[in-house]
Amino acid sequence: MKPTSLRHRIAIQLDVELNPRPGLSWFNRLIVAVILLTTLVLILETEPTLYEPYRVWFIGVEMAVLILFGAEFLLRLWTCVENPGYSSRLAFARSPAALFDLVVILAIGFSLVGLEGVVLRLLRLIRLLRVARLGHFSVALRNIGQAVAERRMELVISMVIAFGLLLLSASALYVIESAHQPEAFGSIPRAMWWSVATLTTVGYGDIVPVTPLGKMFAALTAITGIGLIAMPAGILASAFSAAMRRADKAHEPDDGE
Amino acid sequence: MKPTSLRHRIAIQLDVELNPRPGLSWFNRLIVAVILLTTLVLILETEPTLYEPYRVWFIGVEMAVLILFGAEFLLRLWTCVENPGYSSRLAFARSPAALFDLVVILAIGFSLVGLEGVVLRLLRLIRLLRVARLGHFSVALRNIGQAVAERRMELVISMVIAFGLLLLSASALYVIESAHQPEAFGSIPRAMWWSVATLTTVGYGDIVPVTPLGKMFAALTAITGIGLIAMPAGILASAFSAAMRRADKAHEPDDGE
Amino acid sequence: MKPTSLRHRIAIQLDVELNPRPGLSWFNRLIVAVILLTTLVLILETEPTLYEPYRVWFIGVEMAVLILFGAEFLLRLWTCVENPGYSSRLAFARSPAALFDLVVILAIGFSLVGLEGVVLRLLRLIRLLRVARLGHFSVALRNIGQAVAERRMELVISMVIAFGLLLLSASALYVIESAHQPEAFGSIPRAMWWSVATLTTVGYGDIVPVTPLGKMFAALTAITGIGLIAMPAGILASAFSAAMRRADKAHEPDDGE
Amino acid sequence: MKPTSLRHRIAIQLDVELNPRPGLSWFNRLIVAVILLTTLVLILETEPTLYEPYRVWFIGVEMAVLILFGAEFLLRLWTCVENPGYSSRLAFARSPAALFDLVVILAIGFSLVGLEGVVLRLLRLIRLLRVARLGHFSVALRNIGQAVAERRMELVISMVIAFGLLLLSASALYVIESAHQPEAFGSIPRAMWWSVATLTTVGYGDIVPVTPLGKMFAALTAITGIGLIAMPAGILASAFSAAMRRADKAHEPDDGE
């Protein structure tokens, strides 16, 4: 508990597991903020009307992020031995977390020398996952994860039923409308585009059935879509309720006596 | 428990009821995979831009499936006597499961000799139902089924209310808009097309009211639509919750002592 | 319990309250079927492409319904004294149920002699309400009614919040977009049409913001709309759950001993 | 309990905290009605086709409201000393409530002499908040607030997941469709407009993917959108259920004996 050495004090700032206090250290808060900022930069960079006039600013931010992430990586490499979880610096350097950080740094570096790749650049977002695993956030995430995992089969069945209805509806519309709108309903895969938009109640309206029979089936599909939304909502609601009831019971073990 | 004869060993692979282990046998997993593959083929076949260049491949897959299903049927006929549920081979051959398999095989055969029919071909999907009836999947399916069945009347009433609102909204828009848009709102059945799209929040946008009064009623319809989604979601949520609470109680009978 | 007289036997058929068995008598089932049929006729009549060629059939059905409802009314008037709830035939004739039946009969009569009125004709649907008040249907209806009534204030608040968000979103879009699209966003009432379509996730797409700032606010509105659907769904789910828990407790009073 | 002085009797009418009876005093009901009316006036005023012909009426209503609110403010200033919460008239005049009322009065005054500003004018709506804090309304509001606050982290995570999916879907469509539709999918911010509309199931349809791969990802986005609606609905449902269970327990403390 007495962080005498500088290395230990830095390790506490960098390593979420070593941090004795709940919540994020100020350094990790900065990293989260920088990741979010760099994500915003990433999004805006793709817009030519923004990128062209402010090109030098975008490059500046990217370089600053590169330097920050690089420095953080070197500091982590230096301080990792404070965490008993890593037997040596090599063990840390070979850990998935470190390799992933390295990939992110290389990705930013490559993007600066012109080797682009949006998907590659989005990788840095996954850094958030490591930082996110803590405190209230992690409890809530586990609650959601458990609730979803517990009703896994019911949710899978909902999706199977949904896919069955999707296929049925697309087939029906294909049979009914293909003669009138060959471009939109000329095959089941084409009809599925309309079907997905209707069953999920998105309803783009770029394609709509024109025959009375097609409209009747479309109406049925739309009504069925409500059930498709209601079912997973109901399943998740019951799963969350059960998870909370269990959590309450665990906290009040002498509730019934 | 000692599957000495070859016939018994094959029966265990084929017959879900005889399988001593939980889950599907490797043969039935293959059948499920083949059914899913053949469904995909079925979907893609309807697309001319895919079917024409790869016609020979599609026919090849269909023939392979036909042979596999045919062989499976003959094997089932040979091994069915291992299942005490069938008194004789004739009893099996007259069971709905066997007749259905035969229909599927004939349907594939007919489609290969040119007698088409999308609906007929989709029949093979129903084969999945028989295989699906097992293990975790079946428990989850029963949970969903029970929850829906238990709140049957509430769900029916939701639909009755929904249909009433649909009729009311279509009538209102017909009265208000028929003079301005006779093509879209010239009769209640026509107005219902718009009404369904709005109440289910699909909102194609191919038809929208143009008069201020029509827009006011349309807004009311859209807001009502939210309640229409919320009601079945709420009913199903409470039903799933109750089903899970009962299941928990059954597992912990000495919960209250 | 011994329906000796003809009048008593007819009264049992006609009067839901006198029917000793659960469910509807065959006569009332016929009435329900006729009301549903006449509703369908009512819907289809408004479509000129159907009405013109089959005019004589539509009139025939309407006349048959008129005669049936008239005969039923006279029979009710004759048998009403069997129900101790009515002190005299005049008491029955002045009851809301009887007056309503009379209005329905007159409405059908007027429509046959050319005095039209869609709204008037829809009145006959309300007859269903009287017949619906029974059996499983009525229990389920009461369940829904109680759940909604109990969480009345929460649902009202949801609507107040929804209206506030609607106003906020419409005002924002009016300020941002009115210069670019005066026809669609030139005033708050006009902007509300877009706002309702977005908040309820209907999304017609007849009007969409064109400025970047307008699109940002529109995106916020759409995301808020999800909460607007989730909130009543959650409120109703908890209300249905509570109602069912209470019902279970009432049925098993010695549950805890 | 004996409101002898006129000032005390007026204070009871004006000050919600002093009102001995549950619910709103008739004066505060009038204020609520006037605020709602003035909001309606505010909305309608922005519509030129309504404002131009009825300009004098709109100005009349605004002036009447100004006089009413001014008189109310002076009365409050006179009677505020009846509420022990305010040590002096100056303490009341410096309270947020009084300052806010003054801002509203000034905003109406400025708008009458031509200094417009829709946002400024909407401020008066916030007056409703002060009046709303009471009775059944306030209990229900607290229920909703508590339920939302308790599951705060789960709802935040839902939004984080939603934002991640939004970014993923926009990036995918940007990569796939930017070559075909540079105007609509030429950058991630542009693609996000489509993405939000699809994930929230709004589905304007002003922009839709045209390539088969783009449509496949769009279908995935739409299906994911259902989960995005189901998750907060489920979380809120479980939170409301828990809040109600706790409230029931608090009311029946001897439930288990």
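Each chain carries a letter (A, B, C and D) given by its place in the written order, and its residues are counted from 1.
Rule of thumb we're sticking to: a residue touches a chain if its C-beta (ideal position, glycine included) is under 8 Å from a C-beta of that chain, and two chains touch if they have at least 3 such contacts.
Since this is a predicted model, take the numbers as computed values, not measurements.
By residue number, over half of the contacts seen at B-D repeat in one listed pair from A-C, C-D or A-B, namely A-C.
Averaged C-alpha coordinates give centres for chain A and chain C that are 42 Å from one another.
Taking each chain's centre as the average of its CA atoms, chain A and chain D sit 30 Å apart. Of all residues in chain B, those that touch two or more other chains are 189, 192, 197, 201-205, 229-230, 233-235, 237-239, 241, 256. Chain contact topology: the protein chains form a complete graph, every chain touching every other one.
By the touch rule above, chain C contacts chain D in their complex via residues 153-154, 156-158, 164, 167-168, 171, 174-175, 186-190, 192, 197-198, 201-205, 208, 212, 215, 218-219, 222-223, 225-227, 229-231, 233-235, 237-239, 241-242, 256. Every residue of chain B that touches chain A in the complex is listed here, in rising order: 39, 42-44, 46-48, 118-119, 122, 125, 136-137, 139-141, 143-144, 147, 162, 189, 192-193, 196-197, 200-206, 228-229, 232-241, 243-245, 248, 256.
On chain D, the positions that touch chain B within their shared complex are 201-205, 230, 233-234, 237, 241.
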